[in-house]
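Only one structure is covered here, and it is reproduced in the block below.
Just so it is clear, A, B, C and D label the chains in written order, and each chain counts residues from 1 on its own.
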Amino acid sequence: MSFEVPIGPQHPIHVEPLMLRLKVEGELIIDVDVDVSYIHRGIEKGLEVRTYLQGLYLAERICGICNCAHSLCYCLNVEQLLGKEVPPRANYLRIIVEELSRIHSHLLWIGHYFHTLGFETLFMYFWRDRERIMDMIELITGNRVITSYNVIGGVRRDITPEIESKLRKTIEYVRERMNYYDKVIDSEPSLLGRLQGVGVLKPADAISLGTVGPHLRASGIKHDVRLDDPYSGHDEVPFNVVTYDTCDCYARVKVRMGEVLESLNMISYALDNLPSGDYRLKIPPFFKAPEGESLSRVEAPRGELVHYSISNGGMNPYRYKVRTPTLANLLSVAVMLKSKGDYEVYIADVPAILGGIDPCICCTARVIITDEVKKKRRVTTLTELERYAREREVRKS
Amino acid sequence: MGLVARLVRKCRARSPWILLFDTGACNACDIEVAACLTPRYDVERFGTLLRGSPRHADILVVTGPVTRQSRDRIIRIYEQMPEPKYVVAAGTCATSGGVYWGCYNTYPGLDSVIPVHAYVSGCPVKPEAVLMALSILLEKIEKVEV
Amino acid sequence: MKVPGYFLAEALRNLFKKRATILYPYREVDKIHLPEGFRGKIEFDRSKCIGCQLCFRVCPAKAIKMIEDEKGKRPVFFIYRCIYCGQCAEVCPTKAITLGKAFENIALRKEDLEVR
Amino acid sequence: MIWKILEALIFPGAVFILTVSLFYEWIDRKLYARLQNRVGPHLAGPFGLFQPAADFIKLLSKEDIIPAAADRFLFTLTPILAPTLILLGCMFLPVAGLNGIVSFNGDLIVIIALMSFCTITIYLAGEGSNNRFASIGATRAALQLIGYEIPLTLALLCAAISTGSLSLRGIVEAQMANGTWLIAGPQLIGFAIFVVASQAEMERIPFDIPEAEQEIVAGWSVEYTGRRLGLFRLTKDLELFLLSGLGATLFLGGPLGPLIPGLEPLLHTIYFLAKSILVLIVFTLVRTVFARLRIDQMISFSWKYLMPLAIFLVIITEVIA
């Protein structure tokens, strides 16, 4: 006997409204359908009625956790339209804040992930140590989460030597804690039992489903926008791409742990080699962008983020399109959640697998298919989207 | 007012269980409200527990502008909560829609959908502000002013 | 190496450590982290304002409305719409708008959240 | 007669047990918070001492909702039945003196039976509320019973075998006669099994599978509001008292300790409470350092490791005794 269990829109598994319709047999999940439409706000349309400057603040609020990546991507996009190059010091400052927000996002995710697995104490410790990073972000940018640090033509504030010394101290503290937590994760059997062998995604599947970011790297594939298509001075700051080849939830935790350490190294390097000079170009609050189109890519904490815009020479973009990493990753969740053969998925694995991709639904809900003939708007379900992706894959090959 | 009624009011003010619902926020307010649970802020000092089921909760903390899709859900969750219940609109988007003006899928503020007892402005709200809002609301609950 | 309860030592160590909690709304008010340059509630100096409307035009949240008073045009700020981005303070030519440190903008009625 | 009734109602009976079990919840929550480097409840009374009581009174005063789809009979019966069963179990504990309020040969078996009945009540409570999460939680609670029930019984049985008595009084007296507590010796293993299995009985981390918040919201209690929920929370507190008291009685000698003539009942109570708080601290530490297991992992853990260990212990105890 199978019956349907609705997870969401209000469910402690995930604070954001996300609807998972699970078809279960006892404790085993046999089918799943994902609906992410609860959070669709119409941001892309909203961007078209704002000036470029106002749009920056809306783009930043597509997602609160990866706001730095979104605002950076928006700024790169508009700077590309305008044909402006930001000063080198601004690039380094952007890297520092971007990596800080990556650390904050990863710590937040790891902590919350353990919370969903029922390991409350580790959740508390991770979030306690994350507060140090939040203090640093607040010190540099003036706000804890939504930083508003990147502006078109550079960054908003400079870093003082006083801030720099505090930042270095925090880096040392966080690095020490990370090394300790790494040991905890490797030695606690109740935790390993929930992580190892759960939600396996083979590298070939990961590519064909179009996953990005740490989720893809946990399947052992070396892909990182910072390396493949360096932006904002990332070609000058050395770093390693962390990959792991067990392809399960354990690998996803380990990859993010490794990335936190890498980001700490990048911040130290950027602080050591901070170029002097100006940190912001003078750009008036109201301007018209020349006609054309531009595309920018940024490695957000959750993976590759793409912004695309068309300008028709006006004060505001003619069309703006955002493709967020969670949308790419959600497809793989639907595949990983289905029990097939000896690969069994229990209801208890839903937090582990869904959490494993670091879902950020507020980035995601922007797929609406408009039926021109029937004049009806409907939101695509994930199964349809998955089918669409597969068909396209077939067509390509 | 009788002794029992005063005791009950005091107990209500000392044990507010909260339910967090996101009606379309950008996640920033969510993580800031969630950060209240953690060691630095520790909202359990007030006796607060974060509950998963609306049936157990006393205070509904809503973040984000109300989207069309989640409007019915928030009303349903509000109706599932047992009396007496209170609603806190956390963040600028929940109080007024904030930066999402001109987006076709959002409502102007939470109070156009369900009654709201306390507004916290901030983008995102600082966890300290959430604590302050809770303590103000609890004081008012004790004196039966909301 | 799998060790059940590996975490116990750290947890016990934290039992005797000082708490990480700031007892904020009642005590230890000075311990909260409010750095220089924190973007809080808008503070407005009427005497410096020249009524140029720049803040009204750049505001990304439509939190500013222009009204007429006895000295001419001036902005009104609706804190319940404000997103604390600081753009108005940045464009203001006479620095009449600054961002203060007040972050507890709480009200039981919406009308209380306004800066005039 | 009057004396006996007073004993059952006030001290060391119902009122005392309820107060102490609320106090135990406070210890549990506060210690849990301190282990996580937090403060924990501190506003309700000194150090938040009245926090559980405030929760309980608040829940009593809230609106009472019975969902239309729920079974009214079960929905009304189970919240009353569950705390009653556990409270009855607590009556057997030798809180003040060597005897419980009720004491007869074989009361250990009765306690075990009452705890199983309580789990069955919880199963009915979940199924009666006719909600998908609640029925998954209820099924998990029943499934979990299969896992921990036998090891728990065997662990308690070993204590009975090694002292040669099936009554709590007999076990305490045997420990008094021996001069050592049962935990010193092979029964240390029994204590370990007892701690693990009682975590499952009380549905706490790592075995809080039936009410796993992140998976099935609040499990079997998802539809209960107001005073019904309050009674279920009270059941959890009473279980905390019952199991920590049981552990203290069987393995730590219960009310035993150096006595001053004339003050025996008081000293017995103090020793009993101190030892059961010690067991409670062990429970809390276990809750702090583990992640939640999956239901299949839990069952296989208890059948692969706990069961053979318990049977092995029975054999050893039999050989020694």
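In this text, a contact is a pair of C-beta atoms (placed from the backbone, for glycine too) under 8 Å apart; a residue touches a chain by one contact, two chains touch by 3 or more.
Since we're looking at a predicted model, the values are computed, not measured.
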item: Most centrally placed chain - per-chain CA mean versus overall CA mean; value: B
item: Centre-to-centre distance between subunit D and subunit B (centres being mean Cα positions), rounded to whole Å; value: 34
item: CA centroid of subunit A to CA centroid of subunit B, Å; value: 27
item: Subunit A-subunit D separation of Cα centroids, rounded to whole Å; value: 44
item: Numbers and ranges of subunit A residues touching at least 2 other chains; value: 11-12, 50, 57-58, 61, 121-122, 124-125, 128, 131, 146, 188, 190
item: Touching two or more other chains - residue numbers and ranges from subunit C; value: 4-7, 11, 14, 19-21, 23, 60-61, 83-85
item: Where subunit B touches two or more other chains, by residue; value: 38-40, 42, 45, 52, 99, 101, 123, 126
item: Overall pattern in which the protein chains touch one another (line/ring/star/complete/other); value: complete
item: Interface residues, subunit B side, partner subunit D - complex; value: 7-8, 10-12, 14-15, 38-39, 42, 44-47, 51-53, 55-56, 58, 82-84
item: Residues of subunit A defined as touching subunit D within the complex; value: 3-6, 11-13, 26-27, 114-122, 124-125, 128, 188, 190-191, 193-194, 346-351
item: Contact set on subunit B toward subunit A in their complex; value: 19-32, 34-35, 37-40, 50, 52, 54, 64-65, 67, 69-70, 73, 77, 99-106, 123-124, 126
item: Complex contact set, residues of subunit A against subunit B; value: 9-12, 15-17, 37-43, 45-46, 49-50, 57-58, 61-65, 67, 108, 112, 123-125, 127-128, 131, 134, 144-146, 360, 362, 379
item: Interfacial residue positions of subunit D with respect to subunit B in the complex; value: 29, 33, 36-44, 48, 50-51, 53-55, 57-58, 61-65, 213-214, 217-218, 221-226, 229
